[in-house]
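So, here's a batch of structures to check.
Two complexes follow with subunit A in common, the first pairing it with subunit B and the second with subunit C.
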Partner chain A sequence: MSTTTPPRQRPDQAARRGRPGAAPAASASAATGRNRQRWLPWIFLAPTILGMGLFTLVPIVASVVLAFFRWDIISAPSFVGFDNFSEVVQDPTVRVSFLNTIVFVVVAVALQLGLALALAVMVQEKMPAWLRVFFRSAFFFPLILSAASVSIFMRYLFNEQFGVVNWFLSLVGIPAVPWLTTPGGSAAVVVLVYVWQNFGFSFLLFIGGLASIPVETYEAASIDGATGWRKHLHVTLPLLSPTTLVASVMAIINALQVFDQPYVLTRGGPGDSTRTAVMVIFESAFQRLEFGQASVIGVLLTLIIMAITAAQFRLSKRFVFYQ
Partner chain B sequence: MTTSTDHVLAAGHSPKLSQGLPETSPSRRRFSWNFTLRIVLLLVAAALTLGPVLWTLSTSLRSPSESFKLPPSFIPWNPDFASYGEVFQKLNIFLLVLNSALVTGLIAVGQMVSAALAGYAFAHLKFRGRGALFSIVLATMMVPVQVTIVPVFMLIRGMGLSDTLLALILPAIPTAFGTFLMRQYFMGLPAELAEAASIDGASPWRTFRSIYAPLAMPGMAIVGILAFNYHWNEFFRPLILTISEQNFTLPLGLVSLQGNLGTGSISVVLAGVVLSMIPALVVFMFGQRALQDGLTAGTGK
Partner chain C sequence: MTGATNGHLREITRRTALGALGAGIIGATVASWPRLTGTDIPGRGDNSLSIAIMGTAADAAARQRAIDAFTRLHPEIRVKVQAIQAADWKDFFTKILTMVAAGTPPDVVYVATEGAQLFAEKLAHPLDEFVRRDAADMREFFDDVHPSLVEAFMYKGSLYQLPMDWNAANMYYNTTAFSQAGLERPADDWTHVDFRDSLTAMRKARTSDFTPYYWTNRLFGGVVPWLYANDTSFLKETRSTGGEWLWDDFYAKDPSRSLRSGGYQWLEPNADDDRVFESFDYLRGLVKDGLGVRPEEGGGGSLVGLFASNRIGTTPAGGYWVQGLHEAGMGANDFDVQFFPRWKTQRHQFGTAGYAIMKTAKDKDAAWEWIKFSAGREAMELIFPNPITTPARRSMVNERLYAGKGPAHWKVFYDTLDRFPTTGPIPAPPQQAAVETALMKNVSLAVSGDEQQLKQALGSMQRDLELALRRQS
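Right after this comes the complex of A and B.
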């Protein structure tokens, strides 16, 4: 660091002027101090900046470059131009997986936000404090579990013959649903398990948003004769729009990256019915060793995420109602 | 049901409440119905949320032959811990826990230290390009881990670290979100502290180490708890970056255990799942507030 390499002439100068020279010593330390001050921020930043450069920025550039090469790690990479792009776009598995991902995002995010908003509004109204704490903790709880282990026990719950879900359905006279052996059933299970685990996050955001709505707004609304549903429709929803925007963008970005649940629950099957974009990245890179194609899919996914984030900024300027 | 009467009783007995809200008393009956319905709906939601976890716990305590039985018995009257013993035989669970703890612990500590350092620099130190650099750091949050995984995998191979725990630890230490969180935290601490310290002759480094870092401990705890929760449960990166079973982390080991056993003995697999939840539960109990604050930080709330 800077302290170990002070300017060369300083010690000599100090020595020439004699040991007990207080003034030169002070000036030397002031000089190294200034020097250190210039370097200090970079010392603080070094672990983060070097790490990010090496493990995020370089890989991003490498991903883009790799998208134009054919490489299986074993033989040397060969430049193929846009071949990977056209192959990826024409690959039926990739198409299905992107379509699956979009359908998944739409359904899962709608369910997640709807459920979270309804529960947040209900929890926020008058009730004993301990009960509110209980509900909040209960809805928050699945967030701390690993998606892999959640998917493990959910696979048993949704088993066709001995699963508890079908047992409950049989109580109300619904015949056994082949959850994990039919395309529709598998897709439904992946959505349900995902929403089960993640709605708590949107719930927390909505709780925060609701808490920031001033009580006076509701008082004014009730003086104007608004009750129940109308109150929520005309007061809560508009005032909650900034939170809703943030919650939906975060939910969409997370849902676009879904992997653990379909991988453990269904391995993408039956057929390609639950194969998602990230699963195809994983499979084309680490099972088929087509790193170039995997990079193309990754780049496409990043572009989608960046577009959504950019849209968030624009939308928040135009449509969000700030108090 | 009892909860709703408790609530009404409490409101009736509390002079402050009934004084403060006089207009609610005429409509109490209607309100009470509304309240009951609301609580019932919330209880159903809570049962659906916690139910699967409780079923997991209770099934892990049943003997393998009983685990298929329907109707399911939710309360394990005769708990059978044999499945837990079997997990230890079928799975080198000590090694998995050790690996997970090592990986998660080192990532958490690494993130706390590196994020505190960088957050302090971005909040209180002046240098050229500070704003631009901070924007770049924030922008990396948008890049999903799946996109960089192929080059990271190659980089790890190139560094000779493939199939080691370091392959999981090193790339996870630089944290954009943690840096952002710590910058916010340090911005909340007054800059006058640094001025006072420098008048007293403290070096900038000492000012950070003895004044700002101790004050920022709660923020660092949030970074650590978030890192712990995320990486303890992480599946995607370990699936790709580790190959041999001796380097597996818990989620990976559990999924492989499930695959090896098929649907043969649910209770053994579920016993493993329950064991893997314990550390997460401990963090949940002690760090719930911090975890919530951390998850919702930076969302404008």
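Right after this comes the complex of A and C.
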């Protein structure tokens, strides 16, 4: 039947082709409608395009331009060519901060995704609905808190002399740990606080991903003899790979831009042990008034983020499975 | 009924809806235009003298009585105080610079020693002409204010601010902890060795949940007082020429006149000095032996509570602590204060603050009138009714200010300047932010490990300071 049915034509198409019955008035109306269809999407897109242009593209272009200038806000900018680039590359603090950031990303993202996935699987298991709602809320709650407020609070918790954490440790005979005043301790606390605050987002993504896996697939796996762990390994993980890709892309981008937690908790110390790339951008720009150098670091960080994200999408062709 | 035809509500077409949406957006934009352009910020867009201070809205409101008194004197000058909240002075200066970049700088800014040279170098207008012009009015102020505070605001021979309040790094001690350890009030000239002995005694008396010496890693009250006491610093201190116009006119008879200069200069790093190593090694020993904590970075916000709950034996702080300890429940005799222990010298470290007129100020004469008024006794008593700081005027540091709050030896605060006239300001060149970062980032490492780590940290500090001073120079 369908093969004999003539394809539907829009009235404006009919009018254009001079089909009988296409009235001139209808033709004009159709043309107006066509025009409207052309510009209507742009009207709806305009706020976003305007916002992106003003608040994303313009700053990016401005940063790239500013990278070639020396500017302290107060005096007029002066062109210095590639001087800012060479100074930034030679600055040991910048190098350490980038290294710290990469190490942080590897550790924090692995923990964040691992924890989020484990808890999402746990919450999706059979449990009363109210308990599920409670866990979902509880795990997401830290994300809505201000990172600065959380970090200030954590400073008190992890205080070596008077912090609650060391008090609990003392109850089981563990001596006070210098959490925030030694390189290892402060790095661990920064990662811990960051992961605690951010895993909720990945957790929600995984919950959504798990919900979209058909029950029949698990049932088929059970019939084939797969037990709990094998089901997760051979069904959950592969079918969750698109969600994992999204979660990891977002987690890595966010982690590369970590600032609040290390800044408030440790101010980048002791030494440079918790100094991150964004922290160096902030210090260069707003504390040392070297906006040119801050721009260079910002541009470098942007390139790194773009490269890593591109690599993730390229690799995803091998590791991501779509149903 | 509007919109009804033939008894039916008129259908709202897509065009009408879009039109309404557009009108709504335009209306909302127009309505919020003052907010978008910042013209709803008090003092902007009119001829008010805008004054920026570091603090909360409550701090701004606390100045209202002074503003009222000023308005009675100068009804032609409208004053608006803008309180800017910041974690520390560095953050506050950052916000002021952002306002400058945005083209909305205040006319007058309350600036502490930490930013005095940054402002003098780039942003502030010198007060010389005004002070000379109103010398007769100013004489009473300078008679009441120690020259060390004034010198801290001299830069290359010019005066940029009048000191309003200040604080030296004195040593607070918990009298309960001292008596539990069988300790008497330390002597005025106690040494760093006496200090260590006191900490050891306190540690023996209270083995847990107590820290004999608590200090924070920052420019004021951190490692610097120890460096000053050991007759050194992490930056080489030199003095500018000039400034005779002020010293000869207002401080000619002062016993310390010969010490005064055109202002301090810190042009070279000094972290590789032997005495710097010695001072850091002393602090490292305190940490290693459990007598002092590893210094935490940032402010000392939590310190008042810890000290008031008798969990800290000693800590360096200024007069700004008294009101806080009182409010935290400490009685007048529960704590006391003494000079910082001596080493090679008993030179102290202090920080002071006062108003600076911005180069961009619309009406500098009006700004000067505000500063002159604020330096007067009446205004200072209105602004500092409680011991939240040490007033710059010697006559205001009196029995009445500390009555019922303590400490018993409140005279220590101003005696720090009168008895030790070489007491100096926080080392804060125009590159202060970079210098402070370089100091703080290496202090924790320097005092937390072995001798080798200390040497490495000081080497790193020297390099960082070289870089910091070279930048923007």
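FYI, the second predicted complex is superposed on the first by the 263 of 323 C-alpha atoms of A that agree within 3 Å, B and C clash if a C-alpha of one lies under 4 Å from a C-alpha of the other, contacts with A are read in each partner's own complex, and residues count from 1 in each chain.
Convention: a residue touches a chain if its C-beta (ideal position, glycine included) is under 8 Å from a C-beta of that chain, and two chains touch if they have at least 3 such contacts.
If you're wondering where the values come from, they're calculated on a predicted model, not measured in any experiment.
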item	value
Fit-or-clash call for subunit B and subunit C when the two complexes are aligned on subunit A	clash
Which of subunit B and subunit C A:77 touches, first, second, both or neither	neither
Touched partner set for A:58, first subunit B, second subunit C, both or neither	first
First (subunit B), second (subunit C), both or neither touched by A:269	second
Subunit B versus subunit C as contact partner of A:209, first or second or both or neither	first
Partner chain(s) touched by A:131 [first = subunit B, second = subunit C, both, neither]	first
Partner chain(s) touched by A:66 [first = subunit B, second = subunit C, both, neither]	first
First (subunit B), second (subunit C), both or neither touched by A:160	second
Chain touching more of subunit A, residue-wise (subunit B, subunit C)	B
Partner chain(s) touched by A:182 [first = subunit B, second = subunit C, both, neither]	second
Partner chain(s) touched by A:286 [first = subunit B, second = subunit C, both, neither]	both
Region of subunit C that runs into subunit B when the structures are aligned on their shared chain, from 22-30, 94-102, 202-210 or 274-282	94-102
Shared contact residues on subunit A - subunit B and subunit C	73, 155-156, 159, 162, 286
Of all residues in subunit C, those that touch subunit A in their complex	18, 90, 94, 97-98, 100-101, 122-123, 209, 211, 214, 217, 293-298, 302, 306, 311, 431, 433-434, 437, 440-442, 444-445, 448, 457, 460, 464, 467-468, 471-472
Subunit B residues touching subunit A - in the complex, by the definition given at the top	3, 6-7, 10, 35, 38-39, 41-42, 45-46, 48-50, 52-53, 55-56, 59, 68, 70-72, 110, 113-115, 117-118, 120-122, 125-127, 130, 133, 136-137, 140, 142-155, 170-171, 173-176, 179, 203-205, 208, 229, 232-236, 239-240, 250-252, 254-255, 258, 263, 266, 269-270, 273, 276-277, 280-281, 283-284, 288, 291-292, 295-296, 299-301
Touch list for subunit A against partner subunit C, complex	43, 72-75, 91, 93, 155-156, 159-162, 178, 180-183, 266-272, 275, 283, 286-290
Residue ranges of subunit A touching subunit B (in the complex, touch as defined)	33, 36-38, 40-42, 44-45, 47-52, 54-60, 62-63, 66, 73, 115, 119, 122-123, 125-128, 131, 134-135, 137-150, 152-157, 159, 162, 164, 167, 196, 200-201, 204-205, 208-209, 212, 242-243, 246-247, 250, 253, 256-257, 259-260, 263-264, 278, 281-282, 285-286, 291, 294-295, 298-299, 301-302, 305-306, 309
